[in-house]
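As written, the chain order gives the labels A, B and C, with residue 1 at the start of each chain.
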Amino acid sequence: MTHLILGGARSGKSRYAEQLAGENGLDVIYVATATMGDQEMIERITRHRADRPAGWRTIEEPLALAATLQRHAAPGHCLLVDCLTLWLSNLLQAGDTTLDQERERLQEALPHLPGRILLVSNEVGLGIVPDNPLARRFRDEAGRLNQALAAACEHVTFVAAGLPMQLK
Amino acid sequence: MTHLILGGARSGKSRYAEQLAGENGLDVIYVATATMGDQEMIERITRHRADRPAGWRTIEEPLALAATLQRHAAPGHCLLVDCLTLWLSNLLQAGDTTLDQERERLQEALPHLPGRILLVSNEVGLGIVPDNPLARRFRDEAGRLNQALAAACEHVTFVAAGLPMQLK
Amino acid sequence: MTHLILGGARSGKSRYAEQLAGENGLDVIYVATATMGDQEMIERITRHRADRPAGWRTIEEPLALAATLQRHAAPGHCLLVDCLTLWLSNLLQAGDTTLDQERERLQEALPHLPGRILLVSNEVGLGIVPDNPLARRFRDEAGRLNQALAAACEHVTFVAAGLPMQLK
């Protein structure tokens, strides 16, 4: 069962996904796409990690997400990927070939993965058009990725102020 | 029947509107508000146009939208306007007199148009307050325009990640 | 009865809250968190005030919101706070001690207030990540505040283009 959880910054989307992950007594594997790049990110990662149950395993995978999901997905497992927006950002830094390849691999892999798959992603396209061309590119790619994943997933939820709206 | 389709950048709002337009075997006229101003816009317009069915007519109208809709609306026709945010941007460049006049004309015309009218518009007010006063002005005007059109239209849909939420 | 009304800039959230406030013949007290800081704000405040019914009382409270609500809340009263995002901005300028204290006071006070309490707040986390660290801090704090208040309130509504979606 694949489930995409969308929301803004500090919308409670990660917490909502973590609640879903913990619900059914599944064996939870947390797939972190963040890399320990800068101080602000390290603080966020550390704070997030402290909030997660002790029994969860954490895997760090900044790029090869499809392969990681294929390796660990299994009946009775819940893979929680947090978050796809950071993964997209990592792919954009890695270059267009990697981006196209990894994105395509994820879309192809999703419908065939056993167990429960929870994907957390940011909605970033509801503000004013950014001045910066790179930010515009990122916004466009993030929107397209969310559309593609929403089409591929069985369930889609939009979280605002910690409260879920079911879109699919 | 008037229908406003709102959404963020790359939210799938245009594609959703195009699906609705193609549904009932109506004669579709695509009303483009974009002008061929810069390279980035030309690429977007060209890419969008290639996605549309061959049988659709395209009209370009950057400013006098109400008059264009009144000229072409007819029973059995579907007018698809994409998008109102770009039209607002064109009006703001044309000056306050044109802006007030054209906005009022559209609001007055909408309830009386025959056939099907689909209006695509961007939601731009859900990010941080922009530093730039012009961007703040645009954001305010876009929000007011969306409110006015939502009040005037029979149906309103919010699209996120390609999925529709009915607001009205 | 506590009710949080969320929405973007110019989304119609204030107007929606004002409609709710005027509905039941309650004695309405409008709690403005804005301070007459700059010209743009003065114009907004003046325009907003002109739109409100003559019978409503207005109280200005930039910081000590919980104490103000506790002083004026009563059966038969409706307190309309517009808006919490400006209050948060005032608190951030006042420093972290005031911020933590006042935020905690509000969360503790809310479930015990008599009468009707309407809180208007901005959703600011659905755009691209801001370059400016202060803007990122504000966005994070605003998101956390909205989550905390949504958890504490009995009803939560998200307003887009003047149209309400019930989240809780």
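Observations
Criterion: contacts are C-beta pairs under 8 Å (C-beta built on N, C-alpha and C of every residue); 3 or more make two chains touch, one makes a residue touch a chain.
Everything numeric here is computed off the predicted structure, so don't read it as measured data.
Superposition on CA atoms relates chain A and chain B by a rotation of 120 degrees, given as a multiple of 5.
Interface note: chain A and chain C, two copies of one sequence, contact each other through mostly non-matching residue numbers (shared numbers fall below half of all numbers used). Mean C-alpha positions place chain A and chain C at a centre distance of 31 Å. Contacts with at least two other chains are made by residues 8, 123-128, 139, 165 of chain C.
Residues of chain B touching chain A in their complex: 8-12, 40, 123-128, 130, 132, 135, 138-139, 160-163, 165.
Those residues of chain B lying in contact with chain C across their complex are 4, 6, 8, 123, 125-129, 131, 133, 139-144, 146-147, 149-151, 156, 158, 165, 167-168.
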